[in-house]
Amino acid sequence: MKRLLIALAATTCLTAPALADDDRIVVGFATAETGFMQAYDKPAQDAAMIRIKEINDAGGLLGKQIEVVNADTKTDRAEGAKAGLSVIDAGADMVVVSCDYDFGSPAALAAESSGLVSFFLCAESIKAGIQGVGPNSFSASVLAAVQGATMAEWAYTKKEARSFYRLLDTWTEYNKGICDGFDWMLPQLADASLVGEDTFLNEDASIAAQITRIKSLPEEPDAIMLCTMMPGAVSAIKQIRAAGINSMILNGSGVDGSYWLSAVPDLSNFFVPVQGSIYGDDPNPEVTAFNAKYKDATGGDPSTQYVYPGYVMIDVWAKAVERAGTTETSAVVAELEKMSGEPTLFGPRTFTSEIHHQNQARYLIVETDAGKPGVVDEWTISKPIPVADLMK
Amino acid sequence: MGSLLQIVFDALSLGSLYALGALGIALIFGVMRLVNFAHGDVIAACVFALLWPSVDAVAIVFAGNLPWFLLIPFVLAVGAGLSVLSELVVFRRFRRANPATMMIASFGLGFVIRYFLLMLFSSRPKSISLLPTLSQPVEILGARIPLLQLITILVTVAVLFGLTAFLRRTRFGLEMRAAAENFTMARMLGVRANRVIMGAFALSGALAAAIALILGSQTGTANIMMGANVMLMAFIATVIGGMGSLAGAVLAGFLLGTVATVMQVILPPDARAFRDAFVYGAVILVLIFRPQGLLSARGTKERV
Amino acid sequence: MSRSPLRRSLATPVLLGLILVAFALVAWAVGSKPFNQTIIDIFLKVIFAVGLWVFIGNSGVISFGHIAFACLGGYVAAWTTIKPMMKGISMPGLPDWLMQTEIPYWAAAAVGAGWAAVWALIFGAVLMRLSGIAASIATFAMLAMVNSIYSNWDSVTAATSSVVGIPIVRSVWPYLIAAILAVVLGWAYGISRHGLALRAARDEPTAAAASGVNIPRMRLIAFVVSGAIMGMGGALYAHSIGIVTPDTFYLGLTFITLSMLVVGGMGSLSGAVLGVLFLSSLIQGLRWLEAGVQVGTSTFALPGGVQEIALGAVMILILMFRPAGIMGNRELTLPRAGSDTPGRSGPTN
Amino acid sequence: MSLLALSNVSVRYGRLTAVRGVTFTLAEGEILFITGPNGAGKSSLLRAIAGVAPPAGGRVDFADHDITGQAPEDIARLGLSMVPEGRDVFGSLTIEENLMVGTGMHSATRGWKARAASELEAVYATFPILKERRHTQAGLLSGGQQQMLVIGRALMTTPRLVAIDEPSLGLAPNITDQVYERLIALRAERKLTLLIVEQSSTRAMMVGGRMMLMRGGEIVLDGDARALGQSEAMQAAYFGYGEH
């Protein structure tokens, strides 16, 4: 890993733009190496590097070694645009951009206007793709709405939840996406009802008023759909449980990971959808093998499921390049759009000319019981969420 | 009845946080006309002091494992120490600067602290189980109140009483109150400027640490931005209360907490997201009708 | 004295304009896309800092709220330049006539300036009655209010989500023209009757009030002019990266622009412009160091995050040793004939 | 041996020079009145001596220490007590608290509490109204009472020199008399040195002692108060006849 980093650093010299030539395939990472997004971009990027190394070790892509160039977005939009332009100047054939749509899109737009394929590391908004960037942009993750819909349908079917409470943190689009998917699914579930809803802000020091509203319900809801993300999520969960509310809590993937569980000791009845398990109990043994490989490369276990999309990204892109026989944008995009249920380590992936994102996906359900998370089930929503509903 | 009581507790506990924050800002403003934007970052730094620097997702708890009777003094000392250090290294050299320059300098300092924490700990929020026994609910007059909420209110009341006693009954408190009102005059009476200012910074830092302990136990996370929201509200409370007036700052802190809680309760769901817009609108209204604040400190000359 | 005061003070915008042109020429000569983007970013910051200066520098009241006007301008760009079909999806609540509007970016910048000016007039009419810290806090409350509304008004601003589809302008020239326009506007305001009266009121409030200067009204005029400049900057900012979100125009941008103004020296227009150029160069330099610099055979790189820490430290140091900023209330002018030092015509405290 | 010595002291605010090249000495136990019209630089001179506005040039010695540019609190601790113009009472503190603020500078010496208590009684004896309202917030006092308070507060620090800016401002004439009586008594008891700024020379002529006249930041006359007060030169200098 260290040698890899040195190699990366050496290729990062922004002042000497290299010209693209046919002997090299260059992947440009315009991601956050510093600032807030770094904690989200780096793990997925490490996973992407693992897949790149695997491909290079196996003889490369189209017989060429994949090279990497980096530019730091500093978790800043204006810097993001610059970073995108830098990696393009450095000869990137494909541009990888920051995990979050808001922070990744300036670089993706730069790639789009240069006619290059761009991939969001793990953005979960419908905009991270055709709708928000252009026809050459993709996301490696699954839509947030699918997470909300998955949790609603699964809790209804497997846990017989009938009364739902919806608590939305209006801080980000990701949070709203989860609740949008939940809203789409709920009316399709016979005799399931929404008994109340409320909003809060991630940075709120206390959500006591919101909790009081839940407690004033005639009876505790079966499930609380909590649409939020870190860091406010921990605070909200802790305060809900501290107030003595024991309903099951449904979440998006953003709260996956055991690193924060010590904050809410003995947390139970808590459910998260994940693309793969970091807890060593994934039904697919290859995922556990990947986790070991990740540990070798980075020195630590994956801390959340958001490591995995980085691996999937290089995987599907490399397959498309291989099939197209070139890195030329239109050919690669055409091959990607042909993928339907393409198997990957972390579930099948589908891209169409209408949507470059997953509007239906297999999710593992992780339950945290007495402070111990573990995979308890697997669920795929009964039908994909229509693009029209996602765009509303 | 039960739910009304609950709302009262919600408002009081949120107000407590704002009041403690406002007090920390007003203390320093009083003695040196500095609006200290680094206060929020001192709060965050106090929480991170419990952890060992590492950029891994899992927090390496270090001082956080101390028993409570050591943990609390430790955090208070960190807050006070960091705050005094900022005065020694930075603010001491701005005594003669105008308040705008000082304000920007304090922002610069906050920036440095924040990015230092970011470098050591990364932006990923770390979870810590601080004083976990406080997360139990308790039953009071038919309302189930989280124990921590109760403790927050009690601690705030205790801090307020303690601080009042300190300011009223001790010589240092007397000097500090005199200095807060007219710094130059106090110096002409032999009050040592550096000592009083350092004292104010130490107290303010300890108050930041108290907020850090409450926020840490309440949210279970250490996050580099965690002080920002409290600080902004506290900052506003200080002004509404009448800059330099400690009683006003506390009063306005509770008022803001109450307004925010009540808004959350009475606004219809669609408007709830706009809660903060209403709160800030109310702030502007208060300032229009009482530009000097609710309780303006008598004799405090404003220099901006 | 042979030259008139007007002609002498004319040297200030001309010199500042020449410096900006020089930056643009360097960008054009280097021809690197990211460097070009860096220069665009600097020009945008110049617009913001000059906008801030028009109000803060002349009135002496610190405003934390001006980025709200940039936000208003940025969203005007989104409302008026995105293709109607895309707007229908992301912002369905827009009125029909606005939905159908599609104007070029420069027109959007002008409309953005006008829209921001209107709101500056409305907010200003209320806020300008305040002074001192109360005024600063009220402007901050205004920023927070605008941010909260734009972050939640789903149908018109798409709430917190990025509004996309704003045509991106990557050429450096329009930004150069806008920055020079802002400088000229700021200069013209500064030497106008209103600007002079407001500065007099800043330095000698009692005397000014006694001589019949209506301070709130003078401040309101400055507020509106500066709001318009900020609105123009906000619209162009949107065109420089192609997206807008409410949190782009919040505390981060507020503090960086304010810092640039204070470091440069908020007493003078030259301070506003040079503060931007100085801090931007410093930031850029530190970023290059962070990315790694080849020294002989070894690469020297600062650890990530050092740039921000160093920036904060340098800011503090400058303020420590030059509390009135780099320019110390002086304007950049041509040296006067004779032995006089340059820049004596600036406002003094 | 002089207690206070100024040599060539000047004070500037920005480009404005308020005091230019003032030189004089003041012996222990002496009483000096500085008079002069508005804007003559009297208050600026006092502020420079007290260390509030450090002199731009020159040197100030007090009690064998060079106090030029020293912090106000250090100067106060050497025994120079200053009563600035404008009744700077601590409005939210009670009268008694106001009086006690300055006693803290002796807290390192033995028996200071007892001495502070006896000083307090002495001040109360001079101004009984202060004792009556001892627990009232100082901000609620009338102007005259505030003036008594600031003078009393200065005396509480057992100073060697008291510098007072316009002690009679806003005081009823009979109270002014009491204030002066007390000051003169203290001068006799403890060899207290007095430096008093008054706009008019009337009081100086009544009390006697030394008088200086300031104009345009400079000392234009210096001599015995009674002799000077009656001279033609005084009138001319005060109003600046014959200069323009």
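Letters A, B, C and D mark the chains in the order given here, with residues in each chain numbered from 1 onward.
In this text, contacts are C-beta pairs under 8 Å (C-beta built on N, C-alpha and C of every residue); 3 or more make two chains touch, one makes a residue touch a chain.
Here the structure is a predicted model, which means the values were calculated and not measured.
Asks: Looking at C-alpha means, what's the farthest chain from chain C?
Replies: D
Asks: Most central chain by CA mean?
Replies: Most central by this criterion: B.
Asks: Could you state the distance in Å from the CA-based centre of chain C to that of chain D?
Replies: 50
Asks: Quick one: report the Å distance separating chain A from chain D, using the average Cα coordinate of each chain.
Replies: Chain centres of chain A and chain D, defined by C-alpha means, are spaced 74 Å apart.
Asks: Calculate how many whole Å lie between the centre of chain B and the centre of chain C, each centre taken as the average of the chain's C-alpha atoms.
Replies: Comparing mean C-alpha positions, chain C is 31 Å from chain B.
Asks: From the C-alpha centre of chain A to that of chain C, how far is it in Å?
Replies: 36
Asks: Residues of chain B that contact two or more other chains, please.
Replies: 118, 273, 276
Asks: Touching two or more other chains, which residues of chain C qualify?
Replies: Correct list: 151-152, 304-305, 308.
Asks: Counting only residues that touch at least 2 other chains, which ones in chain A make the list?
Replies: 34-35, 38, 170
Asks: What residues on chain B touch chain A, complex-wise?
Replies: 3, 6-7, 9-10, 13-14, 17, 55-59, 61, 118, 122-129, 132, 135-137, 144, 146-149, 215, 218-221, 223, 225-226, 228-230, 260-261, 264-265, 269, 272-273, 276
Asks: Which of the residues in chain B end up touching chain C in this complex?
Replies: Those in contact with chain C are residues 35, 90, 93-94, 96-101, 103-105, 107-112, 114-116, 118-119, 232, 235-236, 239-240, 243, 273-277, 280-281, 283-284, 287-288, 291-293, 302, 304.
Asks: Show which residues of chain D lie in contact with chain B when the two form their complex.
Replies: Listed in rising order, the residues are 50, 52, 71-73, 76-77, 81-82, 84, 88-93, 97-98, 100-102, 104-105, 107, 137, 139, 153-154, 157.
Asks: Show which residues of chain B lie in contact with chain D when the two form their complex.
Replies: 171, 174-175, 177-178, 181-182, 184-193, 297-299
Asks: For chain A, which residues count as touching chain B in their complex?
Replies: 34-40, 75, 170, 197-199, 201, 203-206, 208-210, 212-213, 215-216, 230-231, 234-235, 238-239, 241-244, 257-265, 300, 303-304
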